[in-house]
Amino acid sequence: MNQEQLQELLKSVKKGEISIEEASAKIKHIPYEDLGFAKVDHHRGLRRGFSEVIYCAGKTVEQVSSIFQSLASKGNNVLATRATEDMYIEVKKNYPDAKYYPVPRMIALYQGKQKQVGSILVICAGTSDLPVAEEAAITAEVMGNKVERLYDVGVAGLHRLLLNIKLMEKARVLVVVAGMEGALSSVVGGLVEKPVVAVPTSVGYGANFNGLAALLTMLNSCSPGITVVNIDNGFGAGYAASLINKLGEIKE
Amino acid sequence: MNQEQLQELLKSVKKGEISIEEASAKIKHIPYEDLGFAKVDHHRGLRRGFSEVIYCAGKTVEQVSSIFQSLASKGNNVLATRATEDMYIEVKKNYPDAKYYPVPRMIALYQGKQKQVGSILVICAGTSDLPVAEEAAITAEVMGNKVERLYDVGVAGLHRLLLNIKLMEKARVLVVVAGMEGALSSVVGGLVEKPVVAVPTSVGYGANFNGLAALLTMLNSCSPGITVVNIDNGFGAGYAASLINKLGEIKE
Amino acid sequence: MNQEQLQELLKSVKKGEISIEEASAKIKHIPYEDLGFAKVDHHRGLRRGFSEVIYCAGKTVEQVSSIFQSLASKGNNVLATRATEDMYIEVKKNYPDAKYYPVPRMIALYQGKQKQVGSILVICAGTSDLPVAEEAAITAEVMGNKVERLYDVGVAGLHRLLLNIKLMEKARVLVVVAGMEGALSSVVGGLVEKPVVAVPTSVGYGANFNGLAALLTMLNSCSPGITVVNIDNGFGAGYAASLINKLGEIKE
Amino acid sequence: MNQEQLQELLKSVKKGEISIEEASAKIKHIPYEDLGFAKVDHHRGLRRGFSEVIYCAGKTVEQVSSIFQSLASKGNNVLATRATEDMYIEVKKNYPDAKYYPVPRMIALYQGKQKQVGSILVICAGTSDLPVAEEAAITAEVMGNKVERLYDVGVAGLHRLLLNIKLMEKARVLVVVAGMEGALSSVVGGLVEKPVVAVPTSVGYGANFNGLAALLTMLNSCSPGITVVNIDNGFGAGYAASLINKLGEIKE
Amino acid sequence: MNQEQLQELLKSVKKGEISIEEASAKIKHIPYEDLGFAKVDHHRGLRRGFSEVIYCAGKTVEQVSSIFQSLASKGNNVLATRATEDMYIEVKKNYPDAKYYPVPRMIALYQGKQKQVGSILVICAGTSDLPVAEEAAITAEVMGNKVERLYDVGVAGLHRLLLNIKLMEKARVLVVVAGMEGALSSVVGGLVEKPVVAVPTSVGYGANFNGLAALLTMLNSCSPGITVVNIDNGFGAGYAASLINKLGEIKE
Amino acid sequence: MNQEQLQELLKSVKKGEISIEEASAKIKHIPYEDLGFAKVDHHRGLRRGFSEVIYCAGKTVEQVSSIFQSLASKGNNVLATRATEDMYIEVKKNYPDAKYYPVPRMIALYQGKQKQVGSILVICAGTSDLPVAEEAAITAEVMGNKVERLYDVGVAGLHRLLLNIKLMEKARVLVVVAGMEGALSSVVGGLVEKPVVAVPTSVGYGANFNGLAALLTMLNSCSPGITVVNIDNGFGAGYAASLINKLGEIKE
Amino acid sequence: MNQEQLQELLKSVKKGEISIEEASAKIKHIPYEDLGFAKVDHHRGLRRGFSEVIYCAGKTVEQVSSIFQSLASKGNNVLATRATEDMYIEVKKNYPDAKYYPVPRMIALYQGKQKQVGSILVICAGTSDLPVAEEAAITAEVMGNKVERLYDVGVAGLHRLLLNIKLMEKARVLVVVAGMEGALSSVVGGLVEKPVVAVPTSVGYGANFNGLAALLTMLNSCSPGITVVNIDNGFGAGYAASLINKLGEIKE
Amino acid sequence: MNQEQLQELLKSVKKGEISIEEASAKIKHIPYEDLGFAKVDHHRGLRRGFSEVIYCAGKTVEQVSSIFQSLASKGNNVLATRATEDMYIEVKKNYPDAKYYPVPRMIALYQGKQKQVGSILVICAGTSDLPVAEEAAITAEVMGNKVERLYDVGVAGLHRLLLNIKLMEKARVLVVVAGMEGALSSVVGGLVEKPVVAVPTSVGYGANFNGLAALLTMLNSCSPGITVVNIDNGFGAGYAASLINKLGEIKE
């Protein structure tokens, strides 16, 4: 029930077309979405440029294709994560412009023109961290952010990182992706005064315990200003970095 | 060695006042801070409005007082965390304007005028989470942010939270502090499209395992856009939120 | 040895047909089931409407089929969990009315008429939690409960849940199934004053640690009235919910 | 805004005393509690016989006393958990009828007459589990349940338990409290066909890991129908058992 | 109801002094202890030479003293573990022959003559493991076993252990007590072909995690024939070793 | 080389019957086993009736076959654990009398006559625990023990266990194998006064954590006299039980 | 920019061929590697005899082959770890002298003459630990160390180890590789006064928790002088042992 | 007893200079140390300059004092770790030259002249890591090593570390002490080509889990050449570093 419908109802009350008891009951059962959050939801769609992301793990090729179609039909950008190539082939039949990114296993459809704003710098420690780093980068790009990449700059060869301080200082937000011991986020956090979103990866073996080591490292970082997302959660990092980066655009 | 000093050296080379070998050696041993990070460091001080924070745990009253004096002498705001009242009494002798916040156990000294910008909303689930929430809030205030508070709105009584959606939508960044099962961050993250910094607290008992339960909850949140700091790390959350909030101020 | 058999024995003693020593020995070796638990066991069968459930994991197709036949021959409802389609094909040869539920991978045979009493509401957070939710729902249905379903109402989109408060209030017991951070149980527990059986699922990745995150969340819930079963244990939740729901039927 | 107030507003609309726009605005900002949960909240108070429980840990004597007064003034039963004797002495000044239970460290005030319904059986394994068992028992009693106790019946001396099967069969719900290895809940769950709420305690040492051993035992029980609450959470168990027991009273 | 009482009952049935229904009811309610386990219990007391052990942790001085008296009155040996000196002073008032062992904090009362049979060798790695080792040794002595001690023979100085192989070969059972990394049990298990009961202690720091390291070492021992008890559970080890040692005495 | 042999050697030196170099070499090469452990080794072979067990996991079919041959050639019983059927087929070519046990995946060769002494009772909770239980049983049989089996007597149906108390009392040692929550060992330990070797299995799911739940249960058992081996370590339990059982045979 | 290039630049300044501003800018942006670490990097290559190691896991056959070629072209020894035979076949096409070690799955190319210095002794507990032990041994050999091997000397048969004390005393550094309970490192550490690098392996089952047991054992060793690397990290151990062993060669 | 000594003994036997019984006894009582390990032991004393270290935790003031006296009487350096000031006061009565180090809580007595060789660099991240760093440094000094210190160079301010690369390159071995996330060891390991002994400390809070975070970081370091000791084990690190450093002194 939207604003107009409510006013119509009140008019009917005024005109005596509907009894007070009936009106009272109707109002009492207004779905909550008409009173606040629903509008928020609406705003979301407008601001983000896309409605929802498809997490493909555990879904069939047909399910992914049909959800993709439903989302794409609204004219927004569409993003599918953890997608197989089979899924892409199916999606492509309806949306030949959809792109497949094999490293982070994502499908993306760009619709309409889009300004790429601000900049997010995605840094990763080693080449094995690339799938997660790219998941973050592509997510941010689809959400309308300008993204730079600085890959393979693990702390075992510190000079590779130090040579790129300029790049780090230029970005509004940094996403740092690292497995093994995950020390890169602490070093980056100590070099720049920017929000750093750290993503531990499950890359490593033995006492890495599937990413636990990197996760604890990042949570305990001695450099303040670092916040952390779940292990291997490149999507979450790209999403959070986008929300942060967009703050630089708001005119208040 | 700063820009001017380097130019002086080069002039001496040009004039033949110093041999090429000597100049080469001098340049080669320029401390790293003169070539990049040092300046960054300098920028930091300017932008942040304060140089460093004193983590008082494990320090003596005298040590805290003397570090405080050293930092305060530069005219910046000074912040001391995990401070006892004894430390405050000692600090106050030199800085009668210093304030003590008993709940988060912090000492703060505000120097000069300071614009409080943007706004950060600090939300907490229960009254036992207050020390951590206030640590975040005070940290952000000392760093020059406008801070709003929304306390005791745990998910067991959801309407308390829902009645305050407006407040949530008004803020640029949200800090969500919760112990026990830490579900509040997921709910808040689902209601607003803003960066959310989640802080698990060690409040709870039994299988809470000193904050582990809330930490895992927040890392696994089904609402994207949430990033997490260490258990009970109110300071880290306030610091990160400040970095994010300040992005809304930058003119590019 | 049942009540009648015992009385026959005592009659023989009285008539002198059996010596006191013989009778004494016989009574002393009465299996325990005749003196207490056995009757309980008997009661169980009557009350539950089925004797035992077949946990198919680790059993061969033939074993499942033969146990199924043995249980079904007593005229009760029969339930097989974690069953493959192959097992179903074999079972169906003897019991063409048996149904297969592919999502929770269960085989069920309904025999005789059955009143579906009370109502249990099974709520789940996301579509990936469906197998566990359906395992709970089908278990409860086979045990003679009326079951309602409210699926895909995770806390990231809270309004979906809030729009269905009526449904929640109508049920006698609620089963809440959630993976990732498992926050749904706390929110539901805060909205209704009914027993809530929470089921953590292993859905999620990274620091979810195969359901540990959701398990800890549910155990630490700030909403009282929530009890928890093992990770992915839909059967256990449906069984417990049935025991609780049936209390509403007892005339004392 | 309650039902009457809403009807008054609609009447004003009908009479033209208030414009449609004004009424529309007023309705749109009705606090959520008036549209659903608030009433639930109200219902809760009526049904439960008491509004809220005071968790005293981390609160001052004065805070406890003043919250107690505020809750007691509404005429309900009041319960305070994890309370010290000092808190009781303070509370008693205003409410001389308040009782203190030193073993579970609880304060309870019974106001008005109260029917004790159904029955809940609280079973515990050893004498060291008593504080948790009593927390469950007293909680249930204050909430209006008839409570029986069966203590010190750990599985190391199984006959003590078996001699009391009648008692177990008589109860509607069973609360089983056990530390160390927590095996008692599995045995009880195998003997009766009733809902069992299991409470692991932190009693034990070494590889008990503060209750983790008992918690895992209870979650993995081979007897279905058992649900589990947090370690040492006697209050939660009593609360959940009460919700379950009360189902036996509902006339539908 | 014992054998005689049952025969009396049956006689009454025969004589018609009691109706079949009455007899039937009586038999049906025979407490379980009369049908098997109770007798086992009786046997236990006879064989063990003492009825029950008092675990003093969490008991008052008065409680310990009164339980001690109750057990001692039956003429058996009595053992109290984790006892304070205060408890001993109280116990001694009634039983001046009771001894206090301050290292393992135990009280023991030896009554009547007792043959010390077989032999159990208690080995420990370092002097910090002594309290646990002595708890095992005293327990075994009170239960009627001959006990030898071989202390401070940790694997860091292997020759100390090797010089005592004879002693190890002479024993029927070995109890190996070790903290830190707990490697001693593997070495001992490799040297002798006897049952080895291993006791991890919480001695150590850091990644010892309160005895977890030693516990895992002992469970994973590459020497077969080693079984393990809980961390710091000297009593349990002494008890198990006694049960094993006594097998050497049985004439079958 | 014993005392006498050493003196003989020295006499030969004195008499010049052997050169100093020869004597020196003999003494120097007294393998360490001649100074203590070696004799133990020799005794072992005699007492155990077999030299070493082949752990087949990670070995090739050829390796297993050739080690088997080497051990069998000494006339002892031979045992191979975690063996595939392929390995058996290869072994059988040389030893047609070798038997294969598919459930515990073991190959055994019995050579010469063997007295089966004492008795070990292997108890298991559920049918899924059979592989581990049979590994324990076969190991004990090959080592010359009489073995009884009591399977599928989990605590969820306690009467099945209680009906077999006689069987339990008859055995010298009991091996209790249980997965899920592992409560069976506590119950058995409470019923009999015999050494109990408990084996946790990895049977179960969710918060069973691959046998951790059962392991902790068994370590924390409230029944004394229980010792524990590694998860799924049927071989270790059978071996330890054999060492214990054989004590009943020693004439001292 | 190397030493010569810097001097050229300064000469140009002197000659006025380049302005002071230009020179200043160039110097300020000298990559860090020219001011310190780069030379370190250079030194490394010279000292180690090879530049970088290829970790093949997660790389394609083509990637491995092309990186191998790039490294080999500089004339150094090249090492590839966790390499499949397919990778070797591809590498061999260009470098027919490359060797494949199937047990540790490594490819090595020796180029030029190389002095094998000092000696490193690699000890392992069981044959299943061989892949990790060989990874350590080959790594050390490729890095120019003399390597001895002492395999299958687990503590269950201690004499095998004791017979080889000479070998242990001869080495400069010892690498001890052990799975299961990992006790070997403590025993070795107690026998020799040399640096011991301990490598836990994931060999074992049950409560070994994929190498955690051995890892904790080694970290908690009661023998000082032991340091530990990650689970299964043979490469890391060989690398560290090489750095240590080479210290014996330095002329200062 | 070496080869020559043994031959001399046998010659004496031949010549009749010593009776067979005497010779037999000498040979038989060659303590195991005479066959290998003993010599090691002897060498140890000579090389180390002190026999054994006193771990004071859990010892009384008197015990410490008397062990100290016993060790000091042999003229070696003596070291006591985790010592209280009370212990020092007692020790000082007999050894006025003994020194107390309050930060690492150690007592050290230097006897005779001692050459301080090589150099070990102890680096620590923050001032809270000082007690552990000093424990390592003092241990190394007492063992005869030259020790340099580089403190408070955590990675949050990387330039502090980079400015000291010279110092790092000068040392033979580096001990890196760090709490919180422990990233310092990875960075140091990447900068120098020297053996690095990493010591995690329990400094930190929340998800640091008493040093677990730093421990995992160090074990998973992406820089090879790093080995790790137990949490807070400064003594172990100093001891291992000394063994490594001394290799640089050996003339072979």
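Side notes on the structure shown:
Order as written gives the chain letters A, B, C, D, E, F, G and H; numbering starts at 1 within each chain.
One rule holds for everything that comes next: a residue touches a chain if its C-beta (ideal position, glycine included) is under 8 Å from a C-beta of that chain, and two chains touch if they have at least 3 such contacts.
None of these values were measured; they are calculated from a predicted model.
Common partners of chain A and chain E, by the touch rule above, are C, D, G, H. Traced through touching neighbours, the fewest hops from chain C to chain H number 2. Farthest from chain G in terms of Cα centroid separation is D. Of all residue numbers seen at the chain E-chain F contact, over half occur in both copies; the interface is built from largely matching residues. By residue number, over half of the contacts seen at F-H repeat in one listed pair from C-D, E-F or A-D, namely A-D. Chain A and chain C have Cα centroids separated by 40 Å.
In terms of their C-alpha centroids, the spacing between chain B and chain C amounts to 51 Å.
With centres set at the average Cα position, the gap from chain G to chain H is 25 Å. Multi-chain contact residues of chain A (touching two or more other chains) are listed as 32, 37, 157-158, 162, 191, 206-208, 212, 215, 219-220, 224, 230-231.
Contacting chain pairs in the structure are A-B, A-C, A-D, A-G, A-H, B-C, B-D, B-G, B-H, C-D, C-E, C-F, D-E, D-F, E-F, E-G, E-H, F-G, F-H, G-H. If you check the complex, the residues on chain C that touch chain B are 125-126, 154-158, 180-183, 186-187, 189-191, 204, 206-209, 212-214, 216-224. Against chain A, in their complex, chain B makes its touches with residues 36-37, 40, 43-44, 47-48, 53, 162, 165, 169, 172-173, 191-195, 197, 215, 219-220, 224-231, 235-237, 239-240, 243-245, 247-248, 250, 252.
Within the complex, the chain C residues that touch chain E are 3, 6-7, 10-11, 13-14, 16, 20-21, 23-24, 27-28, 30, 32, 35-36.
Contacts from chain C toward chain F in the complex involve residues 31-33, 37-38, 41, 57-58, 200, 202, 211-212, 215, 230-233. Contacts from chain A toward chain G in the complex involve residues 128, 157-159, 162-163, 205-208.
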